[in-house]
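Quick heads-up: structures coming right below.
Both of the next two complexes hold chain A, though its partner changes from chain B to chain C.
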Partner chain A sequence: MFLRKTLPTLIAGVCGVVVVVAYFFAIPSVQTLANHILKWQSVIAVFALGLGGVNIIRLHTKNLQRDPKNFYSLALLVTFVITIVVGLTMGQTSAAYTFIFDYINVPTGSAIFSLLAFYIGTAAYRAFRAKNAEAAILLITGCIVMMGRVPIGAKILPFTAPATDWIMSVLNVGGQRGVMIAGAIGFIAVSLRIIVGLERRAYGGE
Partner chain B sequence: MNILEKLQNIDKRVFYLLMALAIAVPTISPLGLGVDVTPAVQRAYDFVSSLPNGGRAVIGFDYEPGDEIDLNPQAKAIIHQLGSKNIKVVAIASFPAGAMFAEQCLAILEEYGYEYGKDYVNLGHYAGGEATLAAFASNPTAVFAKDWRGYDTTSLPIMQEIKSMSDFTMAMTLNDGPTGGTGTHEWVRQAVMAHNVPLIMGVTGVLAASNETYVQSGQCKGILAGLRAAAEYEKLVDKLGEGTVGMDAQSMAHLLIVIFVVLGNAAMFLSKRAKGGAA
Partner chain C sequence: MGIFTQGRVFDLVTLVVVTGLMGLYMYLARSGMRVKIRPIAGFAAIDEAIGRAAEMGKPVHFTPGFGGLVAATFAGLEVLGYVARLTAQYDVRLIVTVSQAETFAVTEQVMRQAYLEAGKPEAFKPEDCRFISTDQWAYASGVIGVLNREKVASNIMIGQFAAEALILAEAGNTVGAIQIAGTTNAYQIPFFVVACDYVILGEEMFAAGAHFTNNVVHLGSLRAEDLVKAACIAIMAIGAVLTTAGADFLTTIMGK
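Our next item is the complex of A and B:
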């Protein structure tokens, strides 16, 4: 109980208070302590990264055990191992590692992202129907912004460029500010709950 | 099924084919539509222009391969401007891939006579998001003992000049969102609010909406949004490149989507009217 609940709560509480105090007050001893905590945090984050890697290997190894013809898991494991071996033995600035990044990682990442153009396009075509006033406003605004964001829009419909600027800087900012302020208040509330030990879910509890 | 119903239910394979053509044709054979510089991009450019020559900039390469198409051209365009002003550059990355992009983009500085370690450095990837950025802001070499190329950072002349975030003349984040890396909000908190370092942002098109608030509040000196901003910046620094070429394809893709949306709605209205008339 102490190791699973009380100790993590105490550590989180002390770390939280020290870092918050160091941010708002120029007390050298507290700021030094806060810097140490932040460095520890980055070390722990690296462990989390390693844990993620181990988890991926476990998951896809299980997938392969269940179905030896699972080509995707096999491809992931093979490329995972090759990339790690090349990175560790030849270095991350080596030609081989750069080749993997430039000619496999970047093109595949971009290709997956570019599929959005197709999916979002068809989704917009099917979903953007002016069935009521609200949908019509959304539809018209979306079309204006889409045209105003590209050079051809300004050439075909010149009013879309200034209209887009106005939509983004007036209508959009008003809504975004509300979302951000509400989000920040929620963030502060959750942080306070973690610091005082009320947010048990942060430690894996219910 | 009559023509109006068909227009409301066009086979998605037809759309996919047309979209592929709309992107491929202008990429292979650019249309040369050209871009006009928008006030947001002009603001960012003017801000960098107003910095004293020989200053120091920290750039966060906070993006992954999926968003490279938007953010690499932005990075390259702005690095040209920094190079022309002899501003020293320190690159950090909250994604592992970011360090590789930094390496590609910073190579531009060699054209301006920059020397690695003295005028620019790629510190590489850091884990831990905002907390590590905060630690970097207090003591950069404590977080990055070695740079991306494996050099001891305390031995690099550029890092000997930098004791904290406050030693930078400007900060910039090239950012594809907070998921997994350091987001724009974190940069505002750690660079602007904690150390009063002016910040500019380069973000993907979809992130422009949520970050526009920082521009209006003055916490961000300028924002570049998407490939369009890259094309505009390329025009401003007179180095036309990937951004300018990509805008033709993006123009045609946007136009195609709008045409389809308009067609679908027009068919829906006409169909309703026809049914009303028949009734």
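Our next item is the complex of A and C:
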């Protein structure tokens, strides 16, 4: 009980209070301690990354045991091992490691990111069906904003440019700020509960 | 300003007042004060989503998003605790994907605890809590893969999401899953709204503990949050009137 609940709560509470005090008060010793705590956080995250790596290896090894033709798991394990071996033996600035990063990692990431353009299209198509009054308002507003955001649209329908500016700077910003302010208040509540040890999920749910 | 950091005095006073209010209402709720919360459609739909998965004999997918151990992730983990308990009770397979290593350890423990609370600790399979990648797009592609290969019946995404939100939601839509999503990221909420069946909007996520467990601490803190929101609205209204009238003392005080 002490190791699983009391000690983590104490550590989280002390670290939380120190970081908050360092933010609001110009006390050099507390600010130094807070900087150390933030560095410890990075160190702990690295240990957690090790746990994540073990999980990946365990999961995909099991997948391969179940189905030796599982190409995806095999590809993941092989590239996982190659990247680690290259990184550890040749260093992260080596040509081989840079090749893996620049010509495999970055392009695959960009390919996934580019899916967003197509998904915005399909999502907009579904959202822009005037099934009810709210959807109709969304459709009209969306059309005005789309016309107002492109030069030719503003040329065809001149009113769309100022209307777009008003929609984006008044309606849109108003709604977003409402979400942000309410979210920030919720953040404070959760953080406070964690610091005083009342957020049981933060400690694994016990 | 001496001991205080320049420009943060008003923030400190606000934090002290908000903390005091929350402490007071948590105490009052523990002392028996009744706090009622309105039903939240997204939370109510979770039972339906798990029931659908049970009927179809397909898994449920849950992800707390791309964030580390931040408040939105903890709200997501609160929902995960409920989802895991329910899936354990109905013998539905639950697959959880995680993007941050530090979140992974906590997530696995939350799942393990929920299965224990449901009286089925043996049903928990560690390989169903999957760490994907800390890289945003690798995480997105990993989740797309899970949704497609496992043919999930329900997709629940509650936590911190960024640009990958729409990619995940559209992938879930493609496999025909019932989708429940929630985030505090105002820029991603519209994407969830158009692609998901139910959306938990921003701060509604923080009501998860109060909604699922009737936890008095959460209920008290919710009441305090509502009061703080009312105070914020009042300050904004007064500020708008004062600024329009040419008086800037409120903005001067807030800048201290």
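Definition applied: the second predicted complex is superposed on the first by the 176 of 206 C-alpha atoms of A that agree within 3 Å, B and C clash if a C-alpha of one lies under 4 Å from a C-alpha of the other, contacts with A are read in each partner's own complex, and residues count from 1 in each chain.
Everything below uses one rule, namely that a contact is a pair of C-beta atoms (placed from the backbone, for glycine too) under 8 Å apart; a residue touches a chain by one contact, two chains touch by 3 or more.
Being a predicted model, the structure only gives us computed values, none of them experimental.
Novice: Counting only touches as set out at the top, which of chain B and chain C does A:126 meet: first, second, both, neither?
Specialist: After superposition on chain A, A:126 lies in contact with both partners, chain B and chain C.
Novice: Where does A:192 make contact in the superposed view: on chain B (first), on chain C (second), on both, or on neither?
Specialist: second
Novice: Using the touch definition from the top, say if A:108 reaches chain B (first), chain C (second), both or neither.
Specialist: A:108: touches chain B and chain C.
Novice: Thinking of the overlay built on chain A, is A:48 touched by chain B (first), by chain C (second), by both, or by neither?
Specialist: both
Novice: First (chain B), second (chain C), both or neither: which does A:182 touch?
Specialist: In the superposition, A:182 contacts chain C only.
Novice: Check the residue A:56 against both partner chains and state whether it touches chain B (first), chain C (second), both, or neither.
Specialist: In the superposed model, A:56 contacts chain C only, not chain B.
Novice: Examine A:75 and indicate which partner it touches, taking first as chain B and second as chain C; both and neither are also allowed.
Specialist: A:75 sits against neither chain B nor chain C.
Novice: Is A:88 touching the first partner chain B, the second partner chain C, both, or neither of them?
Specialist: Neither partner.
Novice: Quick one: classify A:151 as touching chain B (first), chain C (second), both or neither.
Specialist: First partner only.
Novice: Between chain B and chain C, which residues of chain A are contacted by each of them?
Specialist: 23, 44-45, 48-49, 105, 108-110, 112-113, 120, 122, 124, 126, 176, 179-180
Novice: Spell out the part of chain A that touches chain B in their complex, as residue ranges.
Specialist: For this pair, the touching residues of chain A are 23, 31, 35, 38-39, 41-42, 44-46, 48-49, 91-93, 98, 101-102, 105-106, 108-110, 112-114, 117-118, 120-122, 124-126, 128-130, 139, 142-143, 146-147, 149-156, 161, 165, 168-169, 172-173, 176-177, 179-180.
Novice: In the complex formed with chain A, which residues of chain C make contact?
Specialist: Counting only chain C, the residues touching chain A are 1-5, 8, 11-12, 15, 18-19, 22-23, 26, 68-72, 74-75, 77-78, 80-81, 98, 101-102, 104-106, 109-110, 112-114, 117, 126-127, 129-131, 134-138, 140-141, 145, 163, 166-167, 169-170, 184, 186-187, 189, 191, 193-195, 201-203, 205-206, 209, 217-218, 221-222, 224-225, 228-229, 232.
Novice: Mind listing the chain A positions that touch chain C in their complex?
Specialist: 20, 23-27, 44-45, 48-53, 55-56, 58-59, 62, 72, 105, 108-110, 112-113, 115-116, 119-120, 122-124, 126-127, 175-176, 179-183, 185-194, 198-199, 201-202, 204-206
Novice: Provide the residue numbers of chain B that touch chain A in the complex, in ascending order.
Specialist: Touch residues, chain B against chain A: 10, 12, 15-16, 19, 23, 33-36, 38-40, 64-69, 97, 99-100, 103, 126-129, 131-132, 134-135, 138-139, 142-143, 148-150, 194, 205, 208-210, 212-213, 216, 226, 228, 247-248, 250-258, 260-262, 264-265, 268-269.
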